[in-house]
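For reference, the structure I am asking about is given below.
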Amino acid sequence: MSDRSPDPPRLERWDRRMEAPLAVASVAYLAGYAVRILAHSHLSDGWLDVILVVTLTSWALFVVDYAVRLRLSGLGPLRFLRTHLLDTVVVILPLLRPVRMVSIYNQIQRRHDEPRLGLYARVMVYSGLTVALLGFAGALTVYHYEADAPGASILTFGDAVWWTCATLATVGYGDMVPVTPMGRVVAVGVMACGLALLGAVTGSFSSWLIQSFRREDEKDEGTRNGGRPPGNSPGAS
Amino acid sequence: MSDRSPDPPRLERWDRRMEAPLAVASVAYLAGYAVRILAHSHLSDGWLDVILVVTLTSWALFVVDYAVRLRLSGLGPLRFLRTHLLDTVVVILPLLRPVRMVSIYNQIQRRHDEPRLGLYARVMVYSGLTVALLGFAGALTVYHYEADAPGASILTFGDAVWWTCATLATVGYGDMVPVTPMGRVVAVGVMACGLALLGAVTGSFSSWLIQSFRREDEKDEGTRNGGRPPGNSPGAS
Amino acid sequence: MSDRSPDPPRLERWDRRMEAPLAVASVAYLAGYAVRILAHSHLSDGWLDVILVVTLTSWALFVVDYAVRLRLSGLGPLRFLRTHLLDTVVVILPLLRPVRMVSIYNQIQRRHDEPRLGLYARVMVYSGLTVALLGFAGALTVYHYEADAPGASILTFGDAVWWTCATLATVGYGDMVPVTPMGRVVAVGVMACGLALLGAVTGSFSSWLIQSFRREDEKDEGTRNGGRPPGNSPGAS
Amino acid sequence: MSDRSPDPPRLERWDRRMEAPLAVASVAYLAGYAVRILAHSHLSDGWLDVILVVTLTSWALFVVDYAVRLRLSGLGPLRFLRTHLLDTVVVILPLLRPVRMVSIYNQIQRRHDEPRLGLYARVMVYSGLTVALLGFAGALTVYHYEADAPGASILTFGDAVWWTCATLATVGYGDMVPVTPMGRVVAVGVMACGLALLGAVTGSFSSWLIQSFRREDEKDEGTRNGGRPPGNSPGAS
């Protein structure tokens, strides 16, 4: 019936033991990627090699973790892929690893029986964080391809961040545009993410706002009808 | 159960007594901010100092009001912050103070048992007013940073307002763009507000439109079925 | 209970008698407005005066119709304004008069007991038609203010239509932008309409699409369960 | 009651027999259209004629298939048009034929009683595929009209694809814009499709995301309440 059976105990133990190393690896990966692109000309070849090794080691750790979890889950590869979609995306795009932090924060709150974020707030935080990380990676990559291209208008990393913000918001001033084929391919990816994920953020925000106003109405009704707590009304979820 | 317990009576008395002074302070703050930026070169240093004092006094009043209400509410700072989110935002961004007017208008209507605005209409009015005020503040601030910058295209306050409208609507012609780092930071803020709040306005407008058409259908049904008033049908909220 | 009581019989008779004259007047108004702007330099002063008289007469007819209906309805002005919002808007912006055609088409279909358009389809048709008419009027007005302005990029009516489409879709290439203050004010109006009404169109289209897919599912279920007609299932509205 | 009665057996037989030829014809049509535009100057007149014949034969096959199905369905033309909207659109715009593949894939899955895509996933796949195909056709057509126009900025097919992506996402940088009347007419069509269909994609994505988060909540609840499978809860559809 349920598509996601509870994880077996050995898998749970593995997850808990790997939490800290994976968090470190994800920060190392992101930092390594950023430093290689931004400080390329200021670093000696030795340092660049060190950073490359750090980046690849972090990635390898994600791959190993994924393989072990696939093994321990007792599911087939395809079924595991479908039920652990976010984990699979993280292996291919390790830049998104920090998104899992929100899920870990949620688990900690739940263990302590503390209230978690509301549904819409969680969708906003996840989608917003994903957009921010993908936007950061997109700005880095576009800057990498455009900075030295002839006729380019995106010349500094600051320009790339400004361009990314204008693109994600679908404002698109056009004062800066990628001119290289690879820069444009990354730009289309940034647009697609912007449309889909920021659409989720704004949609959730609208729903949350309307829900807040509706609850306030119910509170007012409750106060008038003799203080019946609004939390029991069926509309409040 | 309810996250927002009814306010204690002393807090309510304080709120009622502060309504008028805070409304005056918010108008003074907004006017002071606008005059300092727009009429900067036409005013003597003495007048500029007077306006600065007015602006800071207004802000101080907001901070004092917030502190007293936190004290009287009997809640901890974090809990108060969570249940009085709009008030907290107003202390940090006093430009948003006039948004509270809508809430005060609502309270007055309720006291007289007059009908309030519908749910979607209220979301539209709140979000639209917030966007208008933030857009006005954004245009002022962008004008402040851009007007004298070398290579700038936003040269007059009219230009800044036109640029803000094109940005909020995510049209982004690109005939005018901020070129200074601070101008761009403010621009990103304007984009974020535009996306989130105008998304709420258009979403509420769509919902309201669909609701209106549905009600008309129900009225027609009611007329045919012997004049049963549509107000009793479960779909109409 | 009901906010819209059924119209009294005399009002209904008036409405039916005025249908044809008002339709003619609305076409005359729109044509007069367009001809005055587009063929300004090709017409003699005599013809321009004739067209102006036609335009003003049409408008006067709308005002008279509104006044008579307000009188016959037996409601106060404010209450009539609230329950006949579209009619009021038409008096101020007679360019929107053709939007009422959809409502007349609906009434004719209903009299003959023929199926009307679905809820989402009607929202799409109304909003889409309103956007098309407002966009047409916006293109005319922007062309009127921009065509002869120094430094303008909108030089022909074709340019104005192309600019309006790019603005309504919030694409905003920026190859053409209004440069006069009045042109920009109209542009902001076009943006606001585009955001609100096209948001309603696309929102209704999405809802309609999802509804269609859901109905197909229910039909498949019905076929399997022995041909139970899907029209009776509660989800289909 | 049901607007779509089950298709008669002869029609079903026809559909099954035509599946393969129509799939071949749709690929042939799309390839022929693309080759004629992209390789125009590299092909001899003989080859161009061959390709034209292939394209027209494919189209003829769609028209014949539509006519036969209209005949076999036993419905009037107008009623058939309303209940087979997608088929009708395909006859006019054969570029959309591949969209029907998704529907065929669904039918095969159903015959084997395998799980189909979820509701939102199907809306996303259909709308996304339609946008991709219409965008491809739009880029081809705009390239066809713009490439040789004086003062054009869209010079290569790569430029046309980049322009189409920026337009569909409503980013609209303005570094490339169509300048010919026909190019602009196609551009307005691309904008309209982009708004409507990508709106459906992002709307479905948001709904799917919120649904996923809600299900996770329910799973957690289920685990706590003694492992009740979440599939039975009423909210999960």
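A, B, C and D label the chains in the order they appear, each numbered from 1.
In this section, contacts are C-beta pairs under 8 Å (C-beta built on N, C-alpha and C of every residue); 3 or more make two chains touch, one makes a residue touch a chain.
Going by UniProt, the chains are A, B, C, D = Ion channel.
This is a predicted model, so every value here is computed, not measured.
Shared contact partners of subunit A (Ion channel) and subunit C (Ion channel) comprise B, D. Interface equivalence for C-D, evaluated over A-C, A-D or B-D, points to A-D, where over half of the contact pairs coincide by residue number. The chain with its C-alpha centre at the largest distance from the centre of subunit C (Ion channel) is A.
Of all residue numbers used where subunit B (Ion channel) meets subunit C (Ion channel), under half belong to both copies. The two sides are thus made of different residues. Superposing the C-alpha atoms of subunit A (Ion channel) onto those of subunit D (Ion channel) requires a rotation of 90 degrees, given to the nearest 5. Note on chain placement: the centre of subunit A (Ion channel) and the centre of subunit B (Ion channel) lie 30 Å apart, centres being C-alpha means.
Averaged Cα coordinates give subunit B (Ion channel) a centre that lies 42 Å from the centre of subunit D (Ion channel). Multi-chain contact residues, meaning those touching two or more other chains, occur in subunit C (Ion channel) at positions 170-174, 203.
Under the stated contact rule, the graph of chain-to-chain touches is complete, every pair of chains being in contact.
Here subunit B (Ion channel) touches subunit D (Ion channel) in the complex through residues 170-174, going by the rule given at the top. For subunit B (Ion channel) in complex with subunit A (Ion channel), the touching residues are 1-4, 6, 110, 119-120, 122-123, 126-127, 167, 170-174, 177, 181, 184, 187-188, 191-192, 194-196, 199-200, 203-204, 207.
Within the complex formed with subunit A (Ion channel), the subunit D (Ion channel) residues making contact are 158, 162, 165-166, 169-175, 198, 201-203, 205-206, 209-210, 213-214, 217, 219-220, 222-223, 227, 229-232.
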